[in-house]
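You will see two complexes here that share chain A, one where it goes with chain B and one where it goes with chain C.
So, the complex of A and B:
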């Protein structure tokens, strides 16, 4: 399975969360990272044909961006309007994206609990992302459960560790997140991660994850049976 | 009441619907039309201070745009991200937009009936515009019932006539759309419309509206009583 991660961030070098995600990208030919603002300036035309070929060549399309004003940065919207054209993305005859998977990786500055009725933001992420769900629907793509990263700067080390796993799984894993699929994926993928890129802390984190999984395998098996019977 | 209409359309000269709306703008100092793409090019910085002053000087803020991919064109998103800053639009101390009214004027290419579960688009306009409702909520503005214009090119003359009225009312009318408020508003406002700008057809349209209202005043009063008792 080939995954295309379309990142939109106007100042990616200054973003701690985006840099952490970039350093966590699995080193495999099956993942293509494509940062729009790093590819096109505001006044530069988007290479529509090249973008459409890129989409066609991948099975899972992910949009990764900071959730500014409950939506994407302007560059990603521009990309949508110029690339997802009738006759390519939708229309009577052609559905070039049909059957692919589509997902969001959102970086959000406000705590998760505020995104509900009665919370400070008032609306759930599931409601605010309706336009993206509609895009998936119109183009015939399957909308994946999103990866939403709340308040990255306040994350503790073990939370970042869990994020790394969820991110790598979003990029390369089976869309199923059953416990069995997760466990298998975690062991397989983490052993392939390029540890040099993660630095000393990241390397320790990986070691800890692997040994934790091994220690808890029996518990995981029990949990799995429990979940399967629910 | 002063109304600011922020229009975002990348090719406004070629848009029949936008040109029709522009020709229908009431000739009054209380309405300010502000076309973003006509003010700033893609590579030009947005004058944030000037935009914030413009917002502060108006009581009703309207976003008018073609509903591309279930959202605004990229320029309006850029404007949101750069102008609606913490410390101005929201934050602990300052809420400069608080108490204002906020509304959407959407031009949509697909028929209204498709915007529902089971329809071709699958989601209601009310669901797809959640991000804008969240903006109103966060900035303390009252979210108005939107004016959604479906399939303008297929509209019949009497439908365009009705649209003209609804548009003018959105720009200058009381937010209440009770029958009484509508009737009073229609008679007052239409008599002030600059007929030269509308051309011969528009002029005829206005005449017809005014005489229709006069003929049906009794019926309207009855309907009003009926509605008030519901």
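So, the complex of A and C:
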């Protein structure tokens, strides 16, 4: 699966959250990072053909941006207007994006609890992002559960580490976030991790960890089978 | 229970010894995943016991 992350941020170098996410990108050819403001200036035309080719070459399309006035920065809106054209993204004959997956990675400055009826913002993120859900619907893409990062600067180190993993899973993991899907992803990552960076007994411990995850999965499958047959 | 504590201790040590930030994050995620697995196992065992003791089955 090939993932395209389209980032829109006018001052990405000064953004702690965006820099953290950029440093968390898995090192694989299957992930392409495309920062719009780093590619085009406000006065420069967008290379529509190149952008459309990029979209066509990937299976999962992610928009990553800070939530500005309940929407994206202006460059991403301009990109949508100029790239997602009739005859490419939608239309009677062509649906080049159909069957792909589409998701949002949002960085939000306000606490999560305010995004609900009765909260300071009054509406849930799911309600405020309906224009993006409508794009997915119209172009035939499957809308994924978003990754919404609330108040990054206040996150503790272990919370940031959990975010790093959730971000990597959003980029390279299965669209399902079931326990089984997450087990498979973690096992794959543990198998690929650089064992030279672990301590002296790290190799042995890693094997124990892998076998624990697998043993637990066997137990879970057995229990599930028993429960199904009750 | 002892087995669980042992693997958590090993993972904590692995976390401390690792010299790479992304690897530390992965080790932390592996620990949380294993905790979640054990919790799910306990819940399912409980559900199984509950089903065995269910009045619905007493007539069979």
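Just so we're on the same page, the second predicted complex is superposed on the first by the 188 of 230 C-alpha atoms of A that agree within 3 Å, B and C clash if a C-alpha of one lies under 4 Å from a C-alpha of the other, contacts with A are read in each partner's own complex, and residues count from 1 in each chain.
By our rule, contacts are C-beta pairs under 8 Å (C-beta built on N, C-alpha and C of every residue); 3 or more make two chains touch, one makes a residue touch a chain.
Worth saying up front: this structure is predicted, and the values here are computed from it rather than measured.
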Partner chain in contact with A:219 - chain B first, chain C second, else both or neither: second
Contacts of A:145 with chain B and chain C, given as first, second, both or neither: neither
Chain B versus chain C as contact partner of A:113, first or second or both or neither: neither
Which superposed partner A:50 touches (first chain B, second chain C, both, neither): neither
Touched partner set for A:208, first chain B, second chain C, both or neither: second
Which superposed partner A:186 touches (first chain B, second chain C, both, neither): second
Contact residues common to both interfaces of chain A (with chain B and with chain C): none
Residues of chain B defined as touching chain A within the complex: 41-43, 68-75, 77-78, 80-81, 84, 121-123, 127-128, 130-131, 133-135, 137-138
For the chain A and chain C complex, residues of the former touching the latter: 24, 158, 161-162, 164-165, 179, 182-183, 186, 189-190, 193-194, 197-200, 202, 205-206, 208-209, 212-213, 216-217, 219-220, 223-224, 226-227, 230
Chain A partner contacts - residues on chain C that touch it in the complex: 7, 10-11, 13-14, 16-26, 28-30, 32-34, 36-38, 40-41, 44-45, 47-48, 51
